[in-house]
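Next come two complexes, and both contain chain A; in the first it sits with chain B, in the second with chain C.
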Partner chain A sequence: MSEYTVVGQTVARVDAVEKVTGAAQYGADIHPPGMLYGKIVRSKHAHANIRSIDTSEAEKLPGVRAIITQDDVPSGRRVFATDKVLYLGEPLAAVAATDPDIAEEAAERIKIDYEVLPVVQDVIEAIKPSAPRLHGDDTKDGPNRREISGQIRTLSRDKENDHSDEISKLEAELEAYPDEVYYNISAESHTEAGDVEKGFAASDVVVEDTYVIPRVHQTYMEPHVSVASADSSGKVTVWASTQGPFAIRSGIAGTLGIPLTQINVIGTTMGGGFGGRFGVIITHVPAVLLSQKTGRPVRVQMTREEEFTDGRPAPGCVIKLKTGATNDGQILAREALAFWDSGSVSGASIGSTIRVRGVYKIPNLKVDAYGVHTNKSGTAAYRAPGAPQAIFAGESQLDEIAERIGMDPVKFRLMNMREEGDAVPAGGSEPKVGYKETLEAVADAAGWWNREADENQGWGVAVGDWTNGCGPGGVYVSVHEDGSVRIFHGSMDITGTDTAISQIIAEILTVPYESVTIRRGDTDSAPYSTGSGGSVVTFTMGNTAKLAAEDAHRRILELASERLNTNVDDLELKDGAVHIISAEQPKSISLGELAAYSLSTTGGPIVGKGSFARQASTPALAAQIAKVEVDPGTGRTRVLKLVASQDVGFAINPMAVEGQIEGGTVQGYAWAMMEEMQYGEGGNINPGFVDYRVPTSADLPTVESVIVEVPAPNGPYGAKGVGEPPITPTLATMANAVKDAIGIRITELPIKPEKVVDALKSNGR
Partner chain B sequence: MKSFEFYEPTTLAEASRLFAEEHAQLLAGGTDIIIGMKAYTETPETVISLQKIPGLAGITTDGDSISIGAMTKVREVELSGDIQQHHTALAEGASEIGSIQIRNLATIGGNIAHASPAADTVAGLLVADAQVDIASADGERSVPIDELFTGPGQTVLTPGEIITRFRLPKPASGSHYIKHKIREVMDLAFIGVAAAVNLDNGTITDARIGLAAVAPTPIRATAAEDLLKGNAPTPALLEQAGETAAAGCSPISDLRCSAEHRREMVDVLTRRTLQYALERARA
Partner chain C sequence: MAKLPVSLTINGDEHDLLIEPRKTLLAVLRDTVGLTGTKEGCSTGDCGACTVIVDGKAVTSCMVLAVTASGKEITTIEGLASDGELHPVQQAFINTGGYQCGFCTPGFIMASKALIDENPDRTEEEFRHALGGNICRCTGYTKILEAVLKAAEEIRTTA
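Then we have the complex of A and B:
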């Protein structure tokens, strides 16, 4: 029996009814009186100089109320492209009109004179001297030019390994790299521990390979949308579909030079985010500019096509990886060289390349990572940013080593996993994390130890680690005369975090979950709250909520002590009432009575305040096993079984946690098997759900989730972030299962039927 | 979407007269045309609904032959016992379209008239040797399905001509359809292959193979059909039929897959779909 009554239980989400009935107000449901429709005018080329922008024809269209370009940005901060565009769909201007069709037609009528330039879409092409330079500057210390510091030429390909033609070509190009300099580099990151050369020399088995992971979109259901209203006093209100209203407030203030307190951001119910819903420029800033110019509220809403051409998806990546191990299964060294496709601006999560380290003791490690400019939109976070890519490489290669040395992949991983007290490279020592427990749990649940496979069937395992972030937040809780509890805060709920906060407060105040209600304020009213990304919310706001409830708890006992004429130490809050502990004649007073009494006291009503910013987080592990069957004729892969375990610390709401595990695993499956943003000379060529495939429920069996609870010291009730970890291992899980089924290692995602057929063919099958 | 005039005529003659005007489009289930209008790839000035015209929907059986009205929902084609039994490939093709929601809107006439080389009912109609009945203000005519298409999105239909029904003559004894795709449902065909066979005493007396998305129009693999006719269905013969069908198509490479992959899949799936059709013929 759990010692808790509300946390640790599955309860209905606080927003279940409004979501199911359609009452929830999403961004596109906001329609203030007099609202105009905004439309962003976008580049029709992936790389071009802009000779001129002529808005005269569009201005003549009845119903057009404003057309803005970079000239209308008073701060001069870049919102629209002026003399050069770097990708298809890059914003050049924006229109506001009385009707969406008029806005669209006006956008079409704006004449843009382009001088089309050569395009580069591939990171390996982009680093070559022959590539078009996206950002001009080519001086020795300029932003585009980097001395090579990766060991590129000393990494020679392992010829025994199976490769697609594509990868072989790529590796040949990397090896034959003609220059001492990389071009179009946006950022770099280098890490070194121990001596990899020594580690490889001491290894019995060394495997190396090149892994290619495509750019994918977060594909949240609701496209970006904002409604802005600037009034005559200069006050700006923005209804924004965003993961971080406070970040949007400061972003708008910084970009447009508006005082912070003149901006109120109201977060609307969000149709998903996954890390992609933090951007400021994307729709919010154009909406504010258009509203300021017209004096009317303006809605700017992206279409699905605009999401694909000008969203901020997850970066694709090319990772060359080399691992050395001894015959008895000890990993000695690992070296990675990664090129991340950063698009037109910097920002790809290149630092995540370090995740090739995994949760293993690897004494010698070297990681060199570069962000590379290409003619694509910039990138942003997507559920554990950068980790799925790096872990795909790391965990794929572990299986290759396990195979060479003839060791079971699960045992090989268990043997190399870090343990509590081991030194960690960043300093300090490894905390207690359920690495082994989680892997063992998935192996047991999936039936790994006595697994069977028919012809063309295979099993794959992989693990992925991630640590939740942390950030500031504030919560108020008040108790009312009927005994009900009200919560007020400013953090956005995507995953059920309002439910978790409510559960925590109900637990501490010993009231039924149903008597708690939670309200989110806007940036004018609510205390500051960190953005809802990085798996922070339950960790941060859960801790904050605990503090607020404990504060209220203190006041409750104080009131009861006055009322019952008893020392606070002799009182106990239980089942929604304060009782005198061990009283001869039992005496108690309900929360409602205390709340009513509080209204006429000197100390005043019951209001608890919690505020919290930082505590060390604890890593989490996700471990997954898939069983697949590959049709060797058509190359189609069917998943027969998919089991996902995760160390969640403590599951405050088990069903919500399972939802996160299932959702993350399915997104990882999709990245492995079908999702891919495709690019041609002209830009993105699959900007819609016809040719950008996300799986449906028919593609997968039910994901079996297994919750493992090894408490995090600083988490509320031991909880740690659960949203991001489950996507991290799935790419490798799938590739490892396919390898087991057909005996061929696919290193370039997604594992489409054509790739499998070609791989089988080149292996003579 | 551009604004347009909307008509709901109650007679074919009226619909045909309106449809003969320039920049006119028909609305059947709307699952192709509305998408096109939203994307501005279709900008009709007049839209004429076929939904109020009586007699265009429904499946009727007359002896050995079956008639399917152009306005019949593909969901009805999928679930029809007669089609499932006698023209299995067509029922299977219908069941592959989009989702149940889409199939409850989409019509078989729209699927064919849209003339996508990847349409899922087309291979089944090809191997059923369907006749396409067409009406206009000038009267009626009928064309065999394999003469209907002239290119991607192109047919022999002239302004004002409306498909009224598909007539399927005496069925083959076994047929089957396979759609090559990535997703289980809601995916468009990378290629589609249907086969229909008649067996007599272990000999193939008739064979028809229909291919979708491997040429500018849906096609019959006639060389492969000829190879099969009059012979016993040995594995070697089926293999040869697959290779011959693959050699006879002219697929393109696009963002979905390469021409080479399409050609290989014609080979693999022709063999497979023949096998399934033969099993049904034997049953």
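Then we have the complex of A and C:
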């Protein structure tokens, strides 16, 4: 039996009624009087020089109130393309009109004269010298050239001695790697621990493969939207559908040169985010510019098609991975070379390549990662950014090793998993973690140990790790005269976090969950809050809420001690009232009475304040098992069973935690089996739900979730962030299950039916 | 563009409106009538977020020109609860955690209601296929199906 009464219990969410009645106000539901409709004018080519933009025909259309281009951006910061576009859908101008259809018509009437340029969409093509250059002529060295160049630099620095012979020898060595001069590189990241060459030499089995993971869209159901209203004093109000209103405020301030205090961002109910809802330029800045120009509120709302062409999806990547192990199952070395498709700007999560190390003891590790420019929109975070891609490669290859050495994939993983105190490759040492417990839990729940498979059926297992982030936040708690509790804060609810915050405060103030209400302020009113991404909210705001409730708790006892004329140490808050402990005559006073009394005291009303920014987080594991059946005729893979366990530290609202596990697992399934943004010479070619298929209820069975609780020392009640881990292992879980079913390793996602048919054919089946 | 007179019965209320023929039922519900509970997720009839019930059938309102709905009975998410009581489908979505961000929820609830009204005896597999026109990105559908089955059971036993 839990020692708690509210946390750890399943409760209906605080926003339950508004969400099921249509009352919740999302971004596009905001409609201030006199509002105009904005529309962004977008490039029709994936790579082109812009010769001219002619808005004259559009201006003639009745109902058009403003047309803006980069000339209308006083700060000069790039909002619209001017001389060159780098991807299909890149913004060139924006229109505001009295009706959305008029705005669209006007956007179509704007004439743009393009000089079309050659396009590069594939990262492996983009790094070659023959590829068109997106941003000048930047080149970087690949891993071997890097090492030699490093030696040359070291020798050149030694002015005392003459190294010219050695240097010319090394310079000649450089010539041996002509393919390692990479073009179109946006960023690079290199990590090394131990000596991989020694590790491979000592290995009995070495497996090497190339894994290709497609670019996918977060596909939150609410397209990007913002409503901006600039008044004549210069004050700007923005209703923004965003994960981080404070980040949007500073983003608008920085982009447009408006003082922070002149901007108020009101976060509207968020229709999904998954990491993709932090962008500033995407709709918010054009909306502000249009409102400033027209003096009227303006809504800029993306269509689904615009989401696909100009959203900020998850980067695809190509990972060359090599792993060495001994015959008795010890992993000795792993080496990765990754090329991340960052699109037209830098920003792909290339640092996540390190996650190929997984949760295993790998003494020798080398990771080289590059971000590569292509003619696509930029990328952004998507649920555990970069981890699903890297873990797909790592966990796929682990199964290949397990097969070569004849070991059960679960046992192989358990044998190599890190425990408390073990060295993290290229990291510190592991705190207390629940890796083995979580994998064992899913194996037991799925029936792994006595699994059976008919013909064309197979089982797959994989694990993925993630550590929640942390960030600043503030919470106020007030206790009212009726004993009710009101919470005020500034963080966006991301599917249940407001509920978790409410539960925590109810727990500490010993009141029923139902007597707590929570209100989110805008950036003008609320204390600063970190963005709702990186699984930070329950960890950060949960800790913040705890501090606020404890502060209120102190004031409550202080008031009760005055009122009951008793020392604070003899008092206890329980069941919504303060009691004298072990009094001969039991005496108590309710929270409501204390709140009423507080109004006429010197110290004043009960207001608890919590402020928090940072404490160490603890890694969490997600482990999954799938049973599939592949139809060799059609290539279709049907999921027969999908079981997902996760170490959540402590489940504050178990139903919501299950929901996160189920939802994340299905997103991972979709990345493995269905989703892929496809690009041709002209840009994205599948910008809609018919060609970019996301799963529906018809595609899947019930996902069985298994909650494992290995508490995080600094998490509220031991809680770890739960949102991101469940997507991390599923790509490999599915690929491993398909391999088990058909005996063929598919290394290029998604595992669409045609790919399976091709694989079977090329293996003579 | 010339406007046409249209008479829509929405959640029992009659609305006599002048509407451009190019406007969809979704646009009229949201922008003209101000019923924003019905959501726009794709504008191409593929995601189901804009599902409303027209003469007893679930339809994606972004695929219906408003002028063609003249004289028809339209129920939106706002019209589902009655006398301060949530509809059993709404209550089931709360009790099972069948929603997360909530953006697809009005469409899911309307589609589920129409399906249950038509035949509450469907199996889970049948509901899974019948709801294949609605996309949810948060839940993975497990708890949505739980909600729909619970609501169907309740409606079956109280009918």
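The rule is short, and it goes like this: the second predicted complex is superposed on the first by the 717 of 765 C-alpha atoms of A that agree within 3 Å, B and C clash if a C-alpha of one lies under 4 Å from a C-alpha of the other, contacts with A are read in each partner's own complex, and residues count from 1 in each chain.
FYI, a residue touches a chain if its C-beta (ideal position, glycine included) is under 8 Å from a C-beta of that chain, and two chains touch if they have at least 3 such contacts.
The shown structure was predicted, so the numbers you read here are calculated from the model rather than taken from an experiment.
In the superposed model, A:Thr696 lies in contact with both chain B and chain C.
Contacts of A:Glu208 after superposition: neither chain B nor chain C is touched.
In the superposition on chain A, A:Asp122 makes contact with neither chain B nor chain C. In the superposition on chain A, A:Glu662 makes contact with chain C only, not with chain B.
In the superposition on chain A, A:Gln678 makes contact with chain B only, while chain C stays out of contact range. After overlaying the two complexes on the shared chain, residue contacts for A:Asp465 are found with neither chain B nor chain C.
Looking at the shared chain after the overlay, A:Ala24 reaches chain C, while chain B stays out of its contact range. Of the two partner chains placed around the shared chain by superposition, neither chain B nor chain C is touched by A:Glu90. In the superposed model, more residues of chain A are touched by C than by the other of chain B and chain C. Once chain A of one complex is fitted onto chain A of the other, the partner contacts of A:Gly633 are limited to chain B, with no touch recorded for chain C. Shared interface residues of chain A (contacting chain B in one complex, chain C in the other): 101, 690, 695-696, 698. Residue ranges of chain A in contact with chain B, taken from their complex: 101, 633-634, 636, 673-674, 678, 685-686, 690-691, 693, 695-696, 698-699, 752-754, 757-758. Against chain A, in their complex, chain C makes its touches with residues 1, 20, 22-23, 27, 30-31, 34-44, 46-47, 49, 76-78, 80-81, 86, 90-91, 93-97, 99-106, 109, 127-129, 131-145. Chain B contributes residues 1-3, 180, 182-188, 190, 255-258, 261, 264-265, 268-269, 272 to its touches with chain A in the complex. The part of chain A that touches chain C in the complex is made up of residues 10, 12-13, 15-26, 28-29, 31, 100-101, 218-223, 269-274, 303-304, 495-496, 655-656, 658-659, 662-667, 688-690, 694-698, 700, 702-703, 705.
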